[in-house]
Structures are given as structure tokens and as C-alpha cells.
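The structures considered in this document are given below.
First chain A sits with chain B, and in the next complex the same chain sits with chain C.
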Partner chain A sequence: MLPNRSRTSVLVFLLPPLLLYCAAVLFPILQSLFLSFFSWNGISEMEFVGLANYVRMLTADDIFWRSFFNALLYLAICLVLQLGGALVVASLLTSLRRGRELIKTLYLLPAVISTVAIAFLFIRIYSIDPVGLLNQLLHWVGLGSLERAWLSDVNTVLAAVSAPEGWRFTGLYMLIIYAALIAVPKELEEAAVLDGASKWTLFTKIRFPYIRPVWITTTIMATTYGLRGFDIPYLMTNGGPGQSSELLTTYMYKTAFTSTDFGYASTISVFIVIECLVAVGLILFMLKRKADS
Partner chain B sequence: MKKLFRAAAVAAAAALALTACGGGGAATDPSNVSPTGEIKPREISWLLSRPADGAVINIMKKLADDYATDHPGFALNLITTPDRPSYIQKLETLAAANKLPELFDTDATPFAQELAKQGKMVEADKLLKSLDVYDDYRPGALDYQRFDDGSLYMIPFQFELEFIWYNKALFEKAGVSVPKSLDDIPAMCTALRNAGITPIAIDGQDQWPLERYVAYQPFREAGPDFVQKLKKGEASFTDDAGQKTVKWMADLGKAKCFQDGFSAQGYSDAQNQFTSGQAAMYNIGTWELPSLATDKLNSEVRNDTDFFTLPTTEGSVTSANEFVSPSGIGMAVNSKTYDPLVSDFLKFALNKYPAEYAATGALSPTTNVQTAIPGNATPLYKKALETANTLGDKQAMPWDTQLDPTTNGRLQQELVLLVQGNITPEQFTKTMDDAIKQNAPKFFK
Partner chain C sequence: MITQTAPITPRASAPSSPVHQRRRRKPSLHRTLSRVLIMLIVIVQVYPLAWLFLTSLRTEHDFATGDPFALPSSLTWENYARAFETGDLGRNILNSFIVTMGANILIVLFGMMAAYAIQVLGFRLSRFVRALFLIGIIVPVQIALVPLFIDYSAVNLLDTYQSMIIPLAGFALPMSIYLFSSFFEYIPRETYEAASLDGAGPYRIFGLITLPLSLNTVVTVVLVNSIFIWNDFIFANSFVLSEDLKTIPLGLQNYIGAMGKVDWTATFAAVCVTITPLLLVFLVLNKAMIQGLESGATKG
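For the complex of A and B:
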């Protein structure tokens, strides 16, 4: 128990950031929750509709469900690229003797390029007419039959817009995981090697359990970023063709700012908040259970 | 501690109350176009969606400077967002916050009509009449800005004609000629494709260019009323005109009329395909005359370039001289901030604008000035301008300014799928009719 005076000083120091957090994060969420019970186009009178927006969202809106499943697939692709890619690259980096800094910088580079530039870059890469980099490469290696307009094909567009987002942040997560990996005590690893542990055993029994807390944090970060993914799909395809690359976020944005249906858009945003909370809860639950076992 | 919480609670309540007050503010009478009182110069703003270095902005800047020399303290603050979706978002957000500036751009959309209904915009026909310039305007330029009930709230600054530009050499190579009917186009595309030529270059990314095509058949088959009925649910895609356009769009797709991967290609991609001689046709308006009908056009295609206007069809109810002739996004005048100064400035600017605008080589929305043909123009420039003199009374309205925004968004998405062959004409018809049924009642009460 802190003495009285120091408790006051703790409060004094904590209150400003707490108030800022309330104003910047909690207030908008609560306002969305409030708006989600109304039908409002921004300029007319607000009309209370109760749960009608939620009923419509969950039962009568085909685009909502389509974008929900698209968002899950988008998340999966981003996570595999970001976390999987980051883990592989970070592990390889630790065994590298020279050039670590160069490779780290190169991998981190996409994270500092502006989103718009990345989107335009990838539009060019995926292009078929004029032939872009990807189709050209496929042609050179003899896979010409796979050449296609990646962003216009309803079967490939979702993967095509997910990849740049995944690629972009691989370097960032790689840095975090790499920092954790080099903090694994050398004597532990050496002891294991002396006991005859293979590289794989070393990784699964020593290294990974050691970096688990960092892994949990990066997973949560990558998941929440992935669920909020918006800019690259919006810029590259605007959700199209049709709804093939529509995510919940782009759909919410269009509902609010194109259809001026602020009430319904708030309903979707409430769903996104809940979805993020559930995802984080699930990750914590799964990883904790694994750690306990 | 308790005191601190109480203070915080009071502050929060006060903040809420203050924001609530900000939302109010009564609008003044939108039909009062000649406010009385003293002209007090101040800075006024125009929120607009036009190219940053385009003629409209340059001229209005100059006119504002001229006006400011006689009225020290006056300034016109031009805030432009050329990207239309971003602009609309900005406009709608400002409208929701009741913070619209003195002047703002909008098409005659259902949202704008809602603003007009609430008395937030000055009645433009009365305003133009009071400034004694109403009769100078081309009727078509004003009609484009009107709502369905004929009321006018926006002032046009442009007048454009949309043509289908084509490459004569590529047509010859494929053995096709200028289509006599819209229904000839799919077969033309097949012939062009067989000759290894991209038939039509289209900017798929911005979506409105493809939406133009869906408007063509109904305009010929049933006239300009079709879309006005369709958007309210009084007509449907199952009607003859609707089915004709759905089938035609699917046929265009089957004949591979548009370049491969068109849905991800932008405005300049499409134009480059045409001006580099890869694509045979390109549907665009007279705002591109400086790049298509002057020596700026690639010399390899310059002599082969020509245009034709929207073909008719058999039994067409509209004539060949009636097609898409928009007067661009219009300018609305905020009734809340309309005062002697705004009125006086508009009087000054609208009287001088047409002559300045015509001098840049563009078509003025008025008929009292002669457009100057630039020195580097090709003969096509003159031909294009002269087409404006023989226009008919009816005009094909772009559907993106007509439909409610939700249906419009859905139509743009489904059209791509229809043309790419991802959905059948039947699926398209059903999806769109359902979308209209669900969304139209909210906007067209």
C-alpha cells in the first residue's frame, strides 16, 4: 500500500493520459455504440430504430457477411506472411555472421514507405496490360499459363491485396522477434546442444518457449492491425471487382461516407470492435492454455 | 479526490453541451436572393472538387483578386479536393456538422436534394435571374444541374460533350467502320480483338466510366425518364429497356470490348492506351480536348484520331444529336452565410467568368461568348466545339448522379462482375432490383 501522498501523485500523473485515452478511444467507441441504434444520414433528424440495424446486419445483409469472411481470409494471409515470415527471417538472422544490419534495414524498408506508394507499386506489379513484374516473372520461368490480371480476377484479388500488407510489416515484426531471440541466454542453448539437441528441438524447446511473451504481443498486434486493415485494399481495388476484396472496414467506410448511413456504419464499427476484442481474447486463451500444458 | 472527479464530470458535461449547441444554427430564407445591407468585405470559402490548376480555379482566383482591389479585405479561399469520393466524404461530413462554407460544389444527387429541402442552399434560378444572367445559360447546362422536380440549386461552370474517340487506322486494320447502332458494338469488338487490337480503353478504377455504358441503351430505348423512374423503383431492370442494357453490357463483356484487367486500371492508363495507338476506342468528354485535339497528342495517332457521338438504335426515342452533355459538378450557395458580400461577388464573378473561360478554349455554360480555338489545335477541336451548336433537347444523365448512393455503389460493383462474366444477366437483374427496392425509399420519400 502506497502512502497517501504518493497515491495522489500517482493519480496526478496517471489522470492526464487516462483522460486522453477516454477522449480519444473510449468516447468514439461509446458514440458509435450510441449511433448504432439510430437511422441517421448526417443531415436529417436522427431516428431511433432500436436493434433494427443489428438485425439487418446479421440477417439481411449479404455484403456484410461476404466482407466478414473476406476480412478473416485477409487476416490469415497477413498473419502467415507477417508472423511466419518474421520468425523465419529472424531465426535465419541469428545464425548469420555478417551483414545482419543491412538485411534488417532492407526488411524494415517497406514499413517506412507510405501506404499510397505501396498500393500504386503493387498495382503496377500485378498489372497485365501493360505487363507487370509478376506476370513477366511467371512468363520467364515458363508459367505463362498462370498470367492473369491479378486484381481483376475475383479468385485472386483478395490474396493479391493481402500480400502487400503482409509484406509491408514483415520487417517490423522480424525486428521485434529478432530482439527477443538474441536475448535467449547462450548458456541454455549451449547446454542443450551439449545434450545432443537438434536445431529443431533447440528451437521448439528452448528458443520458442523463451520468446513466447514477445510472440503473444506480436500476434495480438498483428491480429488487431490485420482486422483493421483498410488502406491498401481501399486504394488498390476499392473492394472490387464486385465485393471480392471488400473488407468490413472498407464496407463500413463506404456505408458511412458514400451511402451516408451513419447509423448502420456505426453498427458495423461496433461489430469490428467486438471482433477485435474476441480475437485478442482467443489468442490469450489459446497461448495461455498451451503455456500451462 | 472526490472534488477532482466532480470537476471532471462537470467539464465533460459542459463539453457535451457545447458540442450540442454547435449543431444548431437556423438557415435563412433560401429564396431571398437579394439580401439588403452593407457590403462588408471578408474572406469567403469555396469548397470544390475541380483540378487544382484547371481553368475554373485559375479564372476564379483571378476574378477574386480583381474584386479584392475594389473591396479591400475580401479574399476567396479555394479548397479543392479533385478526387471525387474523398470530396463527397468531406462535403457530407461538413454538412453533418453544419459547417458548410459560403460556396460548395455538388452534383444534383439525392443528398444535395436533401440539403435543398432543408433550405441550406440558395435557389439558383432566382439568383441567376436576379443577377440578370439566367438567359445567357445554355438550357442544357442548367437542366443538367436540376433536380427531378425541375428546381435548380447549382450553378454550372462548364459545358462538356462526351464522344467516343476512335482510331481510324485501327478500325481499317480490323475492317470495321463507325457503328450505326449501339447494337453493332459487340460485333465490332470481336473483329477488333481478332485483329489483335484492344477495342475500348476504359478507366475501370474510377467506376463512373463503365457506368456511362449502362445508361446508353435505356436512353435510346426509353429516353431520359427511364433512370428517373428506375431510381425510385417505378421502373425496373426487368423492363424492356433494363433487360436490353443488361444483355448489352454482358455482350460487351463476352466480346472482350474492354482491355484485360480494366477494373484495376486508372484514368491515365486508359488514356495512354488510346493515345499510344493500342486501343481503338475511348469514351471521354471535351474536357480532354487539349490532349486529344491539339499537337500534344502523340503524332503517330494524331491524323488517325476522330470521334463519333453516341450511336442510336433501331426505334430509338432519342435522336443522334442527344447524348451525354454534362455541365460538370455545380456550385451551390450556402443560404446560411449568404449576405450582400457573397451576392455582390457572385454578380461580379458570374458576369465576367464566361468570357474568361471561353478564352481558354473551353465551352462556356453560357451562349453569350465564343470559344477561342487554341493555336496548336487539330481540326477536330473545331468539329468538337461545333457539335455543341446542334445539340437536341434531351440529354443522357450519368447514372451516378441519379441513383441513391448505396444503389449506385452496388451497381458499379455488379457491373464489373457482369462485364467480366462473373455473374449472369439474371443474377445482375435480381441483385440490382433488390438493391433499389431496399435503398430507394430512404432517399426518395
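For the complex of A and C:
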């Protein structure tokens, strides 16, 4: 603590940021919680309905559950692409001698592109007429039978809208994991190699345990970002065809701004927040148990 | 420095027998393999972008009939001319600048101030306030959409620059505070104590010591946040309606909606125009940006 600080000076520095934060983040969270107990379309009188919104959401809303499971699958695909891809590339990168910086830069490029541009790009990639990159590629390798309009097919659309999100951020996680792998002490690795450790053992017994804290952070980041994924599915298919690529976030958005059912939309967004908190808790719990055993 | 004698590709099974004998042959095989593999992955990662730029230079006819992988039969800039003619891309870019600048100023200034109050000045509830700010990192932004929409319409802030700047800055503030306070930890106490003995108060110390010393962190915070703010879609889409205020993502979305199925190649050109500014900044500053992303992520 500074010796000649005064109470006023603390307030002068703290109040403006705190006010902005309350206005933009804290107050809206409380307001959502509050609204979730009401039925309101923004115009007529607000009506207190108690837990009715929650009951409707959990017991009587098929679209909600559909979106929930879709969101889980979306999350799974994103995690595999982002974290799995990141780990593989980061490990490969450590074995290169030159060009590491260039590859880092190239690999990160998609992260600076807007979701609108990405959505457009992938709509064209999945396109069948005029034939897009994916269908053309399938045709060339003799898998022509798989060619289809990926975004209109209810069986493929969810995976098709998840992949761009994975593509977009895998570079970011690769950077983080790479930075952690680089920090593994060389002496440890050398010692293990001299003891005859295989590369796989080296990885599972030395390198991975060493980067574990960073791995936990990236897993949490990727999970919370995956659960709040919105832009790309919204822009590519708007949840369609039918509800086959609807996520909780897109469903919430439509409930709020298309059906203007503010109360019920708030209920769904409260659920999304709880889902994020539970996910973070679960990850920490599972990793802790694994570390203990 | 230790030279890289140990092959450290994690994949593939490796010898458990005499190491030094194999060391010479194996690593090179592994290195070639991993080099090929990584090249493949990078190509898959970057090719879509290259394709985007190539297609924006094709003629309409070429695009509609040709094989998408083929190189353009002739290059043309006309798509760009048409894109600028139809869209209001200049206006959109200007708006994005205003929003990015506005939000960044708030994020940097307020982040620094809050970190200064919490970390340097210190007060009784500082731990509680710090925890309060942590909430903003975990909570998804979507929860704020409905409340902010209602509040904005109550105070007539809908459809303004502020309606985008406030939540963008608010949700970025926790990370900024975190980065600044972890930097402030490294400024030695003695510096402050000496300044205090010379009679400097908290404001002068902030202006003369803390602020100038944290310029590096400012750069990190600005670079990382600019990516997300420049590309923000959800807040702009929820709170802005008038054409005059639309930022790049919205303007582009408009353009795609209107022309995406009419004028294919001009739409590719429009997309390229909107992603180029940030791509250029990124390519020029990529060292600083990569460092920023690394520190932003690992500390958060």
C-alpha cells in the first residue's frame, strides 16, 4: 500500500472502472436472473410467473433439449479440433529447427478474421453448385458418393457449422501449448532419453505432466468459448434446416429478438451461464481426481 | 545451450536400445516426417484464405464454371470496384475504427486505473473487488444481450456507438485488469516509496511512474482486444440498426445478404477488403501480437 494514499484517491481510481463493469456486466447478469422469473414481451405489463419459465424449459420444450444436445456435440467437435489439433501441431513444431515463427504466424491467421467472413468462406467451401472446395476434393479422391450440400443435409449440418469454429481458434491454443512445451526443461527430457524412454513415454510421462497446468487453462478456455459459440452457426444456417444446427445460444437469441419473449430468453441465458460454471467445475474436478490417483 | 540431440517428436514409437547409435539416423527421419506433416496441416489451415483472395480476382464466368482449385484463367480487379460501388465498405471501416478506438481507450485506461487501485494503492475490500472482476471472464456475453437491449432502449442508447463500446469494454475489462496488476507486481515497492518520500501523491505516482512503465502491457492489451472488438458481431447485430453506424462485420453481412447470391466474385472481393486491415496489422506486428495472445491467455 502506498503511504500517502487517501480514501478519495482509491475511489478516484476504482470507481470509473467499477461503474462501467457494473453497467455492462454485473447489473445485466442480475437483471437476467430477475427477468427469468417473469413473462414479458417488452411492451405489455411484466407478469411474475415464478419458476414457470424454468419448468417449461426443462420439461416441456423439445427445442431446448435439442439445442442443448446439439451444443454438446458442437462443443465436442470444437474441442477435438482445437485442443487435439493444437497439441499435435505444437508437438510437431518443437521438432522443427527453422521456420517456427513463420508457421506460428500462418497457423494463427484464421484467428484474426471476422466470423462473418468465416461463415461466408465456409458456405462457399461446402457449396455444391457451384462446386466448392470440399465437394471437389471428395470428387478427386474418388469419394464422389459423399458429395452433398453439407449445410442442407440434417445429418451433416451440425458438424459442418462446428468445424469452422475449430479451424478458427486452433492456432491460438497451439500458441499457448507450444509456449508451454518449449518451457519443459531440456535436462529432464535428455535424462529420460538416456534412460531409454520412448518418445511416447517421453510425451506421456515428462512433457504432458509438465504442461498440465497450461493444458487445464486451455481446456477451460476452449470449453467456455465452445459453450458460448454463436456467430458461425447463426450466420451459416441460423439453426436450420429445422432445428438441426440450433444451439442454446442461437435459440436464446431468436427467443429474445425474433419472438421477443424476453423472460424466457433470460431463463435460457441463465441456463447457459450455469452450464459454463458447471463445465469449469467438472473439468477442475476431473483433472484433480486424475492427478490424485 | 544444449543442442537438440534428443528427438522430441512425441508420436511414433522409438528405440529403447542404444541411443547414440540411432540418434543420427532416426532424428532425421522423424524430422522429415514431422516436417511433411506440419506442412500439410499448415496448407489445410491457410489454403481457404488463399482461395478467398484468389477467387476475388477471378472473373464471374471463370468462377461459375471452373474447378474451384484451378488458378484463375485471368486476373481482374473489377470485383473490387464493384464491391466498393455497391457496399458502403469505407463507412463500415471508419465505424469499426471508432468503436475499436473507443473501446480500447476505456479498456486500457480503466484497466490500468482499477489495477492501480487494487494492486498498488490497496484497500480493505480489494480481494472481493478482484473476485468480482473475475466473474466477467467466465460468464458468456450472451447473458447481457437482453438486459442491455432493454436498458438501452430505456435511456435512448440503442443504435449508437456507445451501445457497442460499453459491453465490449466491460467484458474485456477483467482481462485487462488482470494483465496490468500482474505487471504492477513487478514494479519494486522502493520506487513508490522513494517517490512518496519526495512528496508525490498517488496521482503523480500514477502519471509519472506507473503509466510510463506499463507501455508494453498497454500494447499487449490493445493488440489482443483489437482483434475481438474489430470483429465483434453479436453486440453490433443486437444494438445497431442504422446503416450509418454499421461496423465491418455488419456491413459485410449486409453485403453478403444482398449480393452473396447475385454477384459471387464481388462478394469475395468485399470479404477480402474487410479482412485485409486486420490481417496487415497482424502480419506487421505478428511478434508482438503472438506474445500478447500467449501472455493474455496463459495468465487468464
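Criterion: the second predicted complex is superposed on the first by the 269 of 293 C-alpha atoms of A that agree within 3 Å, B and C clash if a C-alpha of one lies under 4 Å from a C-alpha of the other, contacts with A are read in each partner's own complex, and residues count from 1 in each chain.
Keep in mind that, in the parts below, a residue touches a chain if its C-beta (ideal position, glycine included) is under 8 Å from a C-beta of that chain, and two chains touch if they have at least 3 such contacts.
Computed from a prediction, not measured in an experiment: that's the story for all the values here.
A.B. asks: Based on the superposed arrangement, let me know which partner A:L35 touches: chain B (first), chain C (second), both, or neither?
C.D. replies: It touches chain C, and chain B stays clear.
A.B. asks: Which holds for A:S259: it touches chain B only (first), chain C only (second), both, or neither?
C.D. replies: In the superposed model, A:S259 contacts chain B only, not chain C.
A.B. asks: Per the contact definition in the header, classify A:F203: touching chain B only (first), chain C only (second), both, or neither.
C.D. replies: second
A.B. asks: Output check: A:L282 vs chain B and chain C. Expected answer is one of first, second, both, neither. What do you get?
C.D. replies: neither
A.B. asks: According to the contact criterion defined above, which of chain B and chain C contacts more residues of chain A?
C.D. replies: Answer, by number of touched residues of chain A: C.
A.B. asks: So, does A:V55 touch the first partner chain B, the second partner chain C, both, or neither?
C.D. replies: So A:V55 meets neither chain B nor chain C here.
A.B. asks: Does chain B (first) or chain C (second) touch A:E189, or do both, or does neither?
C.D. replies: second
A.B. asks: Identify the partner contact of A:A76: answer first if only chain B is touched, second if only chain C is, both if each is, neither if none is.
C.D. replies: neither
A.B. asks: Between chain B (first) and chain C (second), which, if any, makes contact with A:M236: first, second, both or neither?
C.D. replies: first
A.B. asks: Find the residues of chain A that appear in the contact set with chain B and again in the contact set with chain C.
C.D. replies: Touching chain B in the first complex and chain C in the second, residues 42, 257, 262 of chain A appear in both lists.
A.B. asks: Within the complex, which stretch of chain C touches chain A?
C.D. replies: That would be residues 2, 4-17, 19, 30-31, 34-35, 37-38, 41-42, 45-49, 51-52, 55, 63-65, 67-69, 106, 110-111, 113-114, 116-118, 120-123, 129, 132-133, 135-136, 138-151, 166-167, 169-171, 173-174, 177, 192-193, 196, 201-203, 205-206, 227, 230-231, 233-234, 238, 248-250, 252-253, 256, 260, 264, 267-268, 271, 274-275, 278-279, 282-283, 286-287, 290, 293-294, 297-298, 300 of chain C.
A.B. asks: Mind pulling up the chain B residues that touch chain A in the complex?
C.D. replies: Touch residues, chain B against chain A: 1, 4, 8, 85, 88-89, 92-93, 95-96, 111, 114-115, 118, 120, 198, 204-205, 207, 259-265, 273, 404-406, 409, 413-414, 416-417, 420, 422-423, 439, 442.
A.B. asks: In the complex of these two chains, what residues of chain A are touching chain C?
C.D. replies: Going by the criterion above, the answer is residues 1-6, 9-10, 12-14, 16-18, 20-21, 23-29, 31-32, 35, 42, 85, 88-89, 91-97, 101, 103-117, 120-122, 124-125, 130-133, 136-137, 167, 170-172, 175-176, 179-180, 186-187, 189-190, 193-194, 196-200, 202-203, 207, 214, 217-218, 221, 224, 227-228, 230-231, 235, 249, 252-253, 256-257, 262, 265-266, 269-270, 272-273, 276-277, 280.
A.B. asks: Which residues of chain A touch chain B once you look at their complex with the stated criterion?
C.D. replies: Touch residues, chain A against chain B: 8, 11, 15, 19, 41-44, 123, 126-129, 148-152, 154, 236-243, 254-255, 257-262.
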